[in-house]
Amino acid sequence: DQRVQSALDPAGPQAERIRRLMVMSIWIAAPIAVAVTAAVVWAALRGRDSAHVPETPRADRRMAATVAGLVAATVVVLFVWMISDFSAIRSLSKLDGRPLAVTLVGHQWWWEVQYHDSVASHQLTTANEIHIPVGRPVLVTLESRDVIHSFWVPRLHGKRDLIPGYTNRIWLRADKPGAFRGQCAEFCGQQHANMALWVIAEPQARFDAWYRAQLQPAAAPADSTRIAGQKAFLGNSCVMCHTIRGTPTGGRNGPDLTHLGGRRTLAAGTLPNTPGHLGGWVVDPQGIKPGTTMPPNNLRPDELRALIAYLEGLK
Amino acid sequence: MKREAEVPRSALHADPAEDARDLRRLERTWSPERGLWGWLTSVDHKSIARRYVATALVSFVLAGINALVMRVQLARPESHVLGPDAYNQYFTTHGTAMMFLFAVPIMEAVGIYFVPLMVGTRNVAFPRLNALGYWTFLVATIFLWASFYANVGPDAGWTAYVPLSGPQFSPGKRVDTWAQMITFTEVSALIGAVEIITTAFKQRAPGMSLNRIPLFVWAEVVTAFMILFAMSTIATASMMLAMDRLIGTHFFNPAEGGDALLWQHLFWFFGHPEVYIIFIPATGMVSAMLPAFTRRPVFGYTAIVLSLIGTGFIGFGLWVHHMFATAVPWLGSSFFTASSVMIAVPSGIQVLCWIATVWDGRPRLATPMLFILGFLVLFVIGGLTGVMIASVPFDLQMHDTFFVVAHFHYVLIGGAVFPLFGAFYYWFPKVTGRMLGERLGKWNFWLFFAGMNVTFFPMHFLGLLGMPRRVYTYSPDLGWGPLNMTATVGAFVIALSVLVFFANVARSLARGAPAGDDPWGADSLEWATASPPPPYNFRYPPVVQGRAALWSRTPDAPVVTGLRTDKPEILMTTLLDAEPESRHVHPQPTIWPLVTAIGLSVLLLSLIYTPWGLIWGAAAVSIGLIGWGWPDHHRGARLEERG
Amino acid sequence: MTSLRRFPARLHGRAGHTMPATRGLVCAAPALACAPSAAWAHTGRPIGPHDLWGAWSLEPAVVAALVASAALYVVGTRRLWAKAGAGRGVRRWEAACFAAGWTTLALALVSPLHALGGALFSAHMAQHEVLMAVSAPLLVLGRPVVPFVWALPRRSLGRVARAMKAPAVRSAWRALSNPAAAWMLHAAALWAWHAPALYGLAVRSEWAHAAQHASFLGTGLLFWWALFRGRGGRMGYGAAVLYVFGMGVQGGALGALLTLARAPLYAHHARTTQAWGLTPLEDQQLAGLIMWVPASISYLVAGLWLFTAWLREAERRTLRREAIRAPQPAAGGA
């Protein structure tokens, strides 16, 4: 889909407001650009290469009046333009309604997503995907663990930086269901290009179901391949960085993998989530995303197959 | 020399033989020494400015090649021409070199060449310092490109945001390279600024009162003042960064109580004026060229000078609009938008004055004029997108996307490089004595204009479609491929036009038409002397009788006589009304600026590796300074002998 | 000027000819108005939106000083114009500047803005910026010395003149009215009073508050005086552009600090802003922005005005000189 990340195809009230502002700005700017170009071309051609050399500049007074008038017109246009900016600014700063609170933590080069709830057991940590209910405001708190990143989902809103030492906030709302792609918009090092995330807006009921499912620890593997896969996971360096709830793992350096199988992409939007890509990623992450903090893994072919089956099964 | 004929009889010696001897003596006094030694020791503003321009053009070409390689990488999704590490070095070096090693120095260099000529004096105010400025700039250039080609080029973006550029996330020496190179270019830019201010304020030809200073000189003066203010902040910032990296301070480290945003404030307090430091001299070039090609003075002299100053003033108040997406309070948005929009007013006034000049004049569509017209169109587009992103909501969507890339390339290429290329065509005859070819010039212009639009106009849409800048690759599903391919094609058209330009230069140097003193019928003083100008610029410095110095000159115009010919004397005049004040003997050619620059390089480069560099470097710099300050009686005596 | 023979030296329009110390004294009169005002500080209950429009601060000392300065100016100008002709000695536009400066000063000190400053740091900031960046330059442009001197009875004038001729007074004035010194004093006053401790003192103590306003207005008058009427006259306007620019930048820097600070700095306003729908931090951000953007615009306007005057002066002098030299051609340089 070619419009998953287009600011021109808004899916929420804020992006829509900004789109209207953009369209209006373009409608103001385009005629000015055309008029100036026409004036320049006409001015250059009308008296071109005439043999007559004016002794003294003609009609300076009349021209001064014209120029002053045009300067005044410029100021008026800028003023009107500015006022419409102000009205857009006012309508963007906050949304009404009780928000869903999400904290987004930037890491080089992936996103940690935390859902807050007053009940501790209802809190949830996942990665690289934010599920939200359609029509409900979301207040995203933005933090960073390393360098400055920027959270930007063009179809919902403009961007806001994640700055170490600062806590920023941004309000979002999706008014129609869908999957909206976002991407880090502040240069954050080698893999800045591959630091994407998805915001998935669903009707409240489906969101609730998803949330309940996510709260569950990973199901115990049922068949022998997956049991072998879990063994491979636990017996290799994976556990240094990753957590799968329901197993004795607690690594926090990399994304939580408890429900990896249900996600759209791998490695923060780098690859589609298919068994083939997962295998490639586990074996050779540096080839796919050079510079990523994930090390290559030398697994036997059967071990790898089992691991992939296990991970893809974590729905 | 043809102009000699116009010198009033009374100024010349009664005896023609004595007159010829006098001229030879003047020539000997001002000429650099011969050979390589003479080249290394020259303190003539013209030869130093020529080197500046040549060095900056080398960076322009190399950084342009960087851009081409990046465009090839981005032409298609998921291509593998460059890996991420290389790509980051490519774009960082591209931006750094274009800003610090090309745009700012070349604008100052044109000023160093033409400000003395335009104000009718024989050299810049501090010629030896001027030489030091060039040598430090040369070291900076060599240093950046050497580290880039050795695959240790800076890779944190030309803005080098912390903490990414800090010791934790950029270990190794790449960012140190960047920080020290910035220090070098600061030294050279500050020196250039001091030269231009002093020369323009104290060495103007008699009669060139403030209200008659050519607009180009005003532009250079405003720029020079901006450099004085802006460079001090970037110097502070880059020093703090260097200290964080080298001796473990924590100015920018949030984990230790530092502040990650402080860098951005300091950087953009310099970085936003930087854009105007590049743009204002370019507007000065436009104002300098227009009279010759419209055959009337530029309309609205006072309005333009006030606009220049207003731009310089406001330019220091806008830095926050680079930081709308950080943690800037919402409450301030309207204020920031308003102040950012405000800068459009002085720029608009200038544009309208130029169009009025063309409108009322008798335009002659020679190549420099084409570049001016192209500039007007492109700059207005860049300015309009600038007003768009001055709006906080608009900016929150388009900040750090290709929309912004498109915007600032329209402003910097359209607004600064186009006037600069026009100026090359305009002043090349003065500098070399030969005209550049008009046919190739037109090809140069039209290819550049077309290429520029094909490259950068689609980038507006890429931004709107959500493509962030500084990404080395993108997924095919995002639909950015065709527009990127178009932009890449455009980039090669630009490259072709630059090739045409260099071919034109080579052809002209070999067999260009001789230019004569004043091929364009222009109005300012640099055209009152030979092409290329003799080492002393003017045998008799002129006396100015009106704003358009050459057009208002009466047949019996007086000249300055009585300056000694056996010593390099220049005339100092008063600031306000350029009344003769005193005569000043200028320093002689010397090797010591070069030695000092080498000492400075030892200091700054060794500091990257060890704090002890401070000690060694200080010793090396002192050697240069001691030699510089050593009283030199011999050279005067030599001159006496030769005379 | 012949009709002004009574005080030829003092009333001459060019700076540098008038007796400097007298000028200093009289120019400081509006500033002194701030000093003795009791019950001035923003004490008591912070003002709320409903009683804003009734909250005029008719403080006797302030009102008296304002009325006195207006009366002096009007009486002096009438006498002067009666003698010399309307628009002479003090030009009409200069009188208009004084009127505008006086009006803004009166509004800042007397209108509900003053009372509002007790509740909102931003309103307090707006008041200060009016004093420093609007009233002060306008008052200086109004050339108040000339009418003030004309308004004085002759006998006391002589006494004042003698006192002011004292070498100590003269050298002190010379030192203070040096643009660099005036710049430093004004900037120092600005930064010092925004230190949270001193600001707290000013809102607690009426005298400190009066001193705060007096130092803002007083150093402001001194600063603008040094620029507009400084030793170099119009020839010094080139340097004045840089001083104004520097003033704008340093004020902008302080404004930026307040705008971007991450916590409220001024304890006094911790509980006074809610009635106005602002958190203390937002109030402080607004104050910083007022200091940053609108104040800078006023400095920009002043800078451009000074520069234009500088260019005009150059033009005038050049034309005059060339008119003199015209009959003698070949007048070379050195």
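Order of writing sets the labels: A, B and C. Residues in every chain begin at 1.
Throughout what follows, contacts are C-beta pairs under 8 Å (C-beta built on N, C-alpha and C of every residue); 3 or more make two chains touch, one makes a residue touch a chain.
No experiment lies behind these values; they were computed from the predicted model shown.
Closest chain to the protein centre (all Cα atoms averaged), using per-chain Cα means: B.
Contact analysis places A-B first among chain pairs (by count of C-beta pairs in contact). Chain A and chain C have Cα centroids separated by 51 Å. If each chain is reduced to the centroid of its CA atoms, chain A and chain B end up 38 Å from each other.
One simple way to say how far apart two chains are is to compare their mean CA positions; for chain B and chain C this gives 40 Å.
Along chain B, residues 261, 327, 338 each make contact with two or more other chains. Residue numbers of chain A whose C-beta contacts span two or more other chains: 166.
Multi-chain contact residues of chain C (touching two or more other chains): 262. The touching residues of chain B, when paired with chain C in their complex, are 8, 10-11, 206-207, 209-212, 225, 229, 261, 265, 302, 305-306, 309-310, 313-314, 316-317, 320, 327-329, 331-332, 335-336, 338-339, 342, 541, 543, 545, 556, 558-563, 571, 575-577, 579-580, 582-583.
Of all residues in chain C, only 235, 238, 241-242, 245, 248-249, 252, 256, 259-260, 262, 282, 285-286, 289, 292-293, 296-297, 300, 303-304, 307-308, 310-315, 317-318, 321-322, 329-334 touch chain B in the complex they form. Partner chain B is touched in their complex by these residues of chain A: 1-8, 15, 17-18, 21-22, 25-26, 29, 32-33, 36-37, 39-41, 43-50, 52-54, 57-60, 63-64, 66-67, 70-71, 74-75, 78, 81-82, 85-86, 88-89, 92-93, 108, 146-148, 150, 152, 154, 157-161, 163-166, 168, 181, 183-194, 269, 290-291. Residues of chain B that touch chain A in their complex: 83-85, 88, 155-157, 161, 163-164, 168-169, 254-255, 258-261, 295-297, 299-300, 303, 325-327, 330, 333-334, 337-338, 341, 344-345, 348-349, 351-353, 355-356, 358-365, 369, 373, 376-377, 380-381, 384-385, 387-388, 390-401, 463-475, 477-479.
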